[in-house]
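Note that the chains take the letters A, B, C and D in the order they are written out, and that residue 1 is the start of every chain.
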């Protein structure tokens, strides 16, 4: 990308975060209902900290931080940078005020534009561009987390606050699930293009896969209800042992955000409490629930290699290509349209059965920035695709998202394979 | 009290709460850094809930609650009323907004004034007056908790926010501790006056006490530092067994809010981080620390009967009477003045060695309101006097405050006896 | 006591412990089902350690410990002596073997007899006698704990093992509860005799008490069942706040060791699983349950001063004096006999409403031995009397037993007052 | 295998368990120092339960269980069979006594021999043989756990008890680590032979692997000490994020069972506390420690496919074949001999970087027996090879052992790859 393109992208992404914050009340900015669900204000500050730490402090001569304590307060997990404010206490930072965080953003924006304007004469020119792009992608990831963290934190309030009231979707009900077959063989996965990708998508490498079939759409709420009605949450034989332990410890009996009230089937959404539509894809399920559902249905989850192989071929089908570029104003996954293979990127992340591991030959970057992805390569599962709150620009065949199999607060759903 | 006096007191007390909130930023209103430290907004709403629940719903015909869910959200611990929002999740209620809580206060204020204006013709007239007074005293107690909870919640922020910046006190250093002797014998304690008291101060009853001496002032920071320097926190023989367990579990090595930084002895106050004055009374110590200090000093803590006996005689010494009526603008305990017996009410609550138990013949009121005090009569210790943030109108010789011996977030200090 | 009497008592007490161990299987000696329930083998060793530590190491020239590590392994809680093996891991000491612990007992017995035989010529003669008596009383306390800890640890085994199978009691049902009245006034409590007492029973001092009535017998299983049937465990208004928290956290719905199976009302005893007799005194209830029962019954628990005052007068009634000296072979409390005031010492410990505090003027002994009682004077409640497994020689009007109000594994019951 | 061979193997394996128990004291049989470390007596009973549950109850007409409660007490984790005694309370079962468990073993042995003697005429003949073999292999796995659980449980005793005192090994120090290269390509892994294997080793399938090099021997204590001396346990950049969290939570600073005392480098072994030999392979390290060591050394752990590919080729080298068949009397891993590729099976299990997942096409057996392996396929890592306490008959190229990456109580070591 040219420096001009990078600058424009930087400006647009930084603005975008303010734009999605607009519906919030000032009192919402500090909410943190669980250690994993950071407050909006913290996301605004941390994404700024990223540019300050990895660009301005390293490359902009005479850069002056606005407030030295922010180095600690807004460091998420980079041990290479230094101490971190305890993750579970991000919601206790009533100060700095939002107005101060916005000033911090302005301060860093200005300095970043100066850095970019003067970068071309520098020896580290390519590094500066690459890191800026990484910072932009990083901020986009946090814009997605903004939605899921906010949904989680608002969702514990019995008043079920509304983030943004939107017209409801049509609520159509998709047809029966169908299967697309793919040949196996020695294929390649991983990113090999010229544009941005995260380090964990590389290197592109060969993998041998068996032939498989994959579902044309995601599992729906109605289908998932069938699993529940058939004793899904009380039959240990359907579950991995650790999953069953989670069911019992957490008293799971339905996906997160499902609400039963006076005989009505409801669900909490960013538009408030709503009727649950049977045709919508089920979402906010853990990896364990996805796996148990698949076992109940007599099939399984795809591996990440299978998913990517499928998606790579889907990419070449022009009619469906738009799938990746329709952001949802609803902040809610929409039902499948038609019977073609679809719902790859704009509805729910799709759990795979693959543990999150390094690709053969993977090596993390040197220094603190190498902590971005690599150190999380244990105990998590890969999700593929994208969701209704993923910035469309991040939808990428090779993108590897990862969460613990017990996590449920993302827009995570189920695509079956066999 | 006449109904007019009650009404005036009601209006003044309700206004007073808004007045002490003025220095807050909107983002501070939701802060809750521990289960025991409720957010300012919650205190504003809960004190309102108290009038609504125990006066308006019971006695005002056709009273309409503003929002039915508030009955649950702002119920503190009254099982007789019904379910309660989990105590540790009060800080997660970004909604209702502060503006909505203020409307709730207005709504209830208006209805209360109507109730009081029309009460005289009612059969329950005396009950209405008595409960209104109880509601006023209840709100004053929460105004004290407002300060201590806020101090706790701001104190976990490494930026050490300022609630209100005030001129510092003179910082004088009191003279050596002196002892006042009292004869023992068969005395009476408990409230027997005509004005308001809490149910736990009654009935007045006879108690036999031995002769004793009591310190003329509270233990100072400098004296407490001597205890620390002498190994106070590493010598188990100075501690009760449960206290020593707390020291080890919580890693206590100084009072709460003490800060050592680059060789400086500091302390967090509601005016921000400040130098620690050796002459100030030590505060934010647990009952265990008070007890260990006393054992180290070769003396002990007073019993509550001894304290009350001493205070009752002090009351009759006209010169010191003002002690009770000097509210501190500093929100910080000031050093002792002169060598006379003093610091009874305006500096720090004083731990006694008495477990909080019912007085002989005590019986709680019928119904949910009986849960106010009685059900806490186990495992807590009595504190006597009052602190720099206690509303002066609550300073009362017979007042029994109570906290767990491990609690440190109140303005609690040490008065020795022997 | 003369040195001969002390020696005889020492020998008898040491033998007694082996005698009560006889019904055990070797595999039972290491059982520890909770941190508070020490294994039989540990009790055998710890009581030995007490003599070694406080007598032999201090006073017997050239005494050689059998194994230096025992100083740590069998130290219960004496910080003044040094480090302690973690309390919860006493059950993990398969070594030393029982045979080695018995050798340790022999080793210490022999040295103790030598010490006593040669003590009369020593300057510390009186101290040696007094400490030996303390060690004997200490061992008797652990003989009681042997039974209650063993009952607890066997009780978690679904096979409900039998410690000793004895003929069942007659199972008679006592008549209606009756009240004995006592005048109040300025009385004295605390030990003032010539024989042994623990330091916490002193000094004898004056206390003012109000007139009161006390129940002639303990609450029965049948009466307690009435409390349960009336919703005792689901009505928060009957409970202290901390007690209610225990009910919910621990899911209490009956006394410890009650078992309902296929419609039968059973109870686990040291004789195995048996039918529950309605006329037996209810036992294994916490202080919270005792307090809630009393509130449900419209009365209260006695204070310890009331209990002692009552017991002191009872002592002078010759007919009932035997109450104190009938040890139960059943290891189970027997029903009340007749309508006179009874069941003071041989059935169940009786919860009082008094927090365990120092008597006015109490001071603990110097050195580690001062940790015996004094450091536990917080958060616990006093129980008075004695139980079916208390050595009769320890039944004493002034004896103060103490446990946390949530503790249930002792033979603790309920005597009402009003 | 013929029925005669199965019967002989059954008899030998059942006897073998009694033989390894011989050095125990009766008081050791109930030891359980952690939830994961079952007592010897429980292992003896559970392996018996396995035959009773999956063979006798299903196939032997008129089989009478010795004691119905054993079905619950000795069920490990088979939800399909029914309830299970809580895992953490296996050490609290002083009853049944060891003598009763031995009778249970006899009872089941006799019935099993009857079943085998009469099986040939049965329709389920093949199933009976296959399940018996599974039960034998299951018992062998528990014989390995017997050693590691026992070592863990004895290891918390400060007396460091000796299980079996054996002559020490020579303590030679191996030469510098060397690398063996292997070509990659499309290979096959998984069991395809005629003899026994576990279900998780199947189906044999194709995998594409890159070329790699693998270390000729395991990492030694001396090499691991170098990692520690270089700050291995205080440098977060060397660790996976979850691993670093374990280091901090568990305060790891050396492998399990390492002891530093008065300047001496010791280690607890089943022969008691001994000097630590620099040349021995490091053992009792978690997967996180193995991974951190590899990162520190600039290399990585092998994948399980690489390990198996290497081992399959090693198998064909006749000279080293004996590696698999030398059981260690020491219960301790011996140093490497010579510079050839070795230490595959008889020293330590070797952590791989592979998450434990189903092979493509894997399906668990129907019914409760399907819970054997399949339900554990999440969050664990594969270990390959075998250890000094693995029955040599279980050493198999395709064997997949699995533990959580935080587990350290197995004889688990480190083989590097690059």
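The criterion applied here is as follows: a contact is a pair of C-beta atoms (placed from the backbone, for glycine too) under 8 Å apart; a residue touches a chain by one contact, two chains touch by 3 or more.
Since the model is a prediction, treat every value here as computed from it, not as a measurement.
By the document's definition of touch, subunit B and subunit C have no common neighbour.
Common neighbours of subunit C and subunit D: there are none.
With centres taken as mean Cα positions, subunit D sits 38 Å from subunit A.
Here the CA centre of subunit A is 47 Å from the CA centre of subunit B. In terms of their C-alpha centroids, the spacing between subunit B and subunit D amounts to 60 Å. Within subunit C, contacts with two or more other chains are made by no residue at all.
Taken chain by chain, the contacts form a single closed ring in which each chain touches exactly two others. Pairs of chains meeting the touch criterion: A-B, A-D, B-C, C-D. Across the complex, subunit B is touched by residues 77, 79-80, 186, 205-210, 236-237, 239-244, 287-288, 291, 353-355, 357-358, 360-361, 370-371, 375-379, 381, 405 of subunit C. Within the complex formed with subunit C, the subunit D residues making contact are 25-31, 33, 69, 72-73, 85, 89, 91-98, 153-154, 156-159, 161.
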